[in-house]
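First chain A sits with chain B, and in the next complex the same chain sits with chain C.
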Partner chain A sequence: MIRRALVVALLIAVAVPLLLAMSQLPPHGSPDTPPNTHVSPYYLEHGAEEGGAENIVTAVILNYRGFDTEGEVTVIFTSMAAVLAVLMLAKPDRAPRVAPTPELPVSVVVRFIVRVLAPFIAMFAIYVILNGHVTPGGGFQGGTILGALVIALSLVLSREDADALLPRKPEHLLQAAAPIAFFLVGMAGLLYWGEYLYFPRDEAQRWIGVLMLTIIEIGIGVGGACVLIRIFRAMRTE
Partner chain B sequence: MMLQGLWQNLDYVASVVLFCIGLYTVITKSNLIKKFMGLNIMETSVFAFIVALGVVDGGDAPIMGAGAEPPFINPLPQALILTGIVVAVSTTALALSLIIRIWKQTGTIEADELREIE
Partner chain C sequence: MSTIFDITLILLLIACSVAVVRLKDLLAATVVFSTYSLTMCLLWLHRGAPDVAMTEAAVGAGITTVLFLIAISRTTGRER
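And now, the complex of A and B:
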């Protein structure tokens, strides 16, 4: 009872100052609030020409704040490495051994639907990855769709067929595709223009910038998908 | 005065409510997976708040090209939160694998029971 009262008191103590702060913020949706007046108008005005991407979100992620995103794809890769380290180095367990659950037969409907939809999902994922600079989407979103597709397929296929979808050999390299793509594009900028992760800004060289963005998008998409699949497989073998 | 401000900023209030729901889950549940779900709800509330900061009334998605007319929604919070979501996914995967490991070592994921084992 006292516990419950303490929880309620804590929640009130958290909520009231937050609500007070929220009531002091400028009205929601007004165009002249601080977040909307400093750097964003510049991005909106020049992002399409300078960034090489009509989708300004992509221009911000990959061009203006490319360093951020490079660090962040490294975070994804590192987290996968950590997951593998935690799960694979486990000692023989002391836990009460549960009988291994027999593989349940998958419903015919589910298997049929997943198999029929798979090519279309794959096409959609590739479209989202490759068109990230002109339409909503990009490497992260497309990579997630691709990873989800492989996970869905490994739920309905037999173990051998599912493993054949992404063999071990290229997988190791593809997991690091996102940092590698960033590094290659960044080094290209360093070698040609003397600046790491430089994107050309003139109109004549615009196609080079778009090409560089596309390479990074493909790297993020493939790398993200492989990381998701690897984490899923590591947890499934438990 | 305060109520009026809250009414104007209903989107922000929603994220405060979501934050409190997450905090409640973290404090009261003893199952580690449920605790982590609460943490994820708190994360989501922060994401929702930051994205809501960038909303402009009547704004379009910040995608240039034929037929795009201002006002546009602020692209910066969206870009930041996109990366934030991916990092949240990474931390979730790591936490879940740690929970699997705890379960293998001790046979339980209830926080109370774990405390007794210690």
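And now, the complex of A and C:
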């Protein structure tokens, strides 16, 4: 009873300062707050011609905040390595304490629907990746859809067919596709314009900027998909 | 109208999160959690963030659910 009261008191002690701080925040979307009076209008006015992307989110993520995103994709890759390291710590001689439930046969309905929808999902994922600079979406979103598609397919296909979807050998390279694509594009900027991760700004070289954005988007998409598939496989077979 | 829609979604979110904590059956909790993600996805879309909505639908409702299901299939599936 005393313990319960202590927990409630602690929760209130944490909640009250947080709620007080929240009440001091400017209203959501207010045009008079500092973030909305300096940086945002600039991005909105110049993003389309400077950033090489009509979708302002992509222009900010890949162009204005390119360094942040490069760090983020490296974090995703590193976290996959950490997850795999934890999953592979389990020694083969240490048998699981609970017997895993036997694999049930997949229902005919699920198998049929996944197989029929698969090409359309794949096309949608590729569309989202390649159109990231025009429409909402991009590498992260399309890559996740692609990864989810392969996971869904490997639930309904036989083990050999599922493994053939992403062979073991190129998998290791493809998992690192996002940092590699960022590094290559960044180095291209360093060698050609003398600035790491430089995107050309004038109208004549616009297509080069779009090409660089597309390379990064494809890298992020392929890398993200492979990371998700790898974690799924490690959890399933371990 | 728009505010009513938002409030409905937020109430659904609160109901889902309470249910996830209270449910003893982990399979049911996973399904409710994926409902939470889909509601969140609608909310993102309604607040004008289609990028985040797509990520939420694919990661939150799709992939995390699959990973949770695999984890449950390797345990007893009940919370003690």
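FYI, the second predicted complex is superposed on the first by the 228 of 238 C-alpha atoms of A that agree within 3 Å, B and C clash if a C-alpha of one lies under 4 Å from a C-alpha of the other, contacts with A are read in each partner's own complex, and residues count from 1 in each chain.
By our rule, contacts are C-beta pairs under 8 Å (C-beta built on N, C-alpha and C of every residue); 3 or more make two chains touch, one makes a residue touch a chain.
Note that this is a predicted model, so its numbers are computed, not measured.
Between chain B and chain C, positioned on chain A by superposition, is the outcome a clash or a fit?
Verdict on chain A: chain B and chain C fit.
Where does A:57 make contact in the superposed view: on chain B (first), on chain C (second), on both, or on neither?
Touch partners of A:57: chain B and chain C.
Based on the superposed arrangement, let me know which partner A:86 touches: chain B (first), chain C (second), both, or neither?
A:86: touches chain B, not chain C.
Could you look at A:110 and tell me whether it touches chain B, chain C, both or neither (first, second, both, neither)?
After superposing on A, A:110 lies clear of both chain B and chain C.
If we overlay the two complexes on their shared chain A, which of chain B and chain C does A:33 touch? Say first, second, both or neither.
Touch partner of A:33: chain B, not chain C.
So, does A:147 touch the first partner chain B, the second partner chain C, both, or neither?
The answer is second: A:147 touches chain C but not chain B.
Quick check on the superposed pair: does A:164 touch chain B, chain C, both, or neither? Answer first, second, both or neither.
Neither: A:164 stays clear of chain B and chain C.
Taking C-alpha centres, what angle do chain B and chain C open up at chain A, rounded to the nearest 10 degrees?
The vertex angle at chain A equals 40 degrees.
Quick check on the superposed pair: does A:235 touch chain B, chain C, both, or neither? Answer first, second, both or neither.
both
Go through the superposed model and pick first if A:19 touches only chain B, second if only chain C, both, or neither.
First partner only.
Counting touched residues of chain A, say whether chain B or chain C comes out ahead.
Touched residues of chain A are more numerous for B.
After lining up the shared chain so the two structures overlap, which partner does A:191 touch, if you call chain B first and chain C second: first, second, both or neither?
So A:191 meets neither chain B nor chain C here.
Can you give the closest approach of chain B to chain C, taken over C-alpha atoms and in whole Å, for the superposition?
Nearest C-alpha pair, chain B versus chain C: 5 Å apart.
Which chain A residues come up in both lists, the one for chain B and the one for chain C?
Correct list for chain A: 57, 96, 136, 138, 140, 231, 235.
If you look only at chain B, which of its residues touch chain A in the complex?
1-6, 8-13, 16, 19-20, 23-24, 27-28, 52-57, 59, 61-65, 70-72, 74-79, 82-83, 85-87, 89-91, 93-94, 96-98, 100-101, 103-107
Which stretch or stretches of chain C touch chain A in the complex?
For this pair, the touching residues of chain C are 50-51, 54-55, 58-59, 62-63, 66-67, 70-71, 73-76.
What part of chain A is in contact with chain C in the complex they form?
Residues in contact with chain C: 57, 96, 98, 100-101, 128, 136-138, 140-141, 144-145, 147-148, 151, 155, 228, 231-232, 235-236.
In their shared complex, at which residues does chain A touch chain B?
Where chain A meets chain B, its residues are 7, 10-11, 14-15, 18-20, 22-25, 27-31, 33, 35-36, 39-40, 43-44, 47-48, 54-57, 59-61, 65, 68-69, 72, 75-76, 78-80, 82-83, 86-87, 90, 93-96, 134-136, 138, 140, 224, 231, 234-235, 238.
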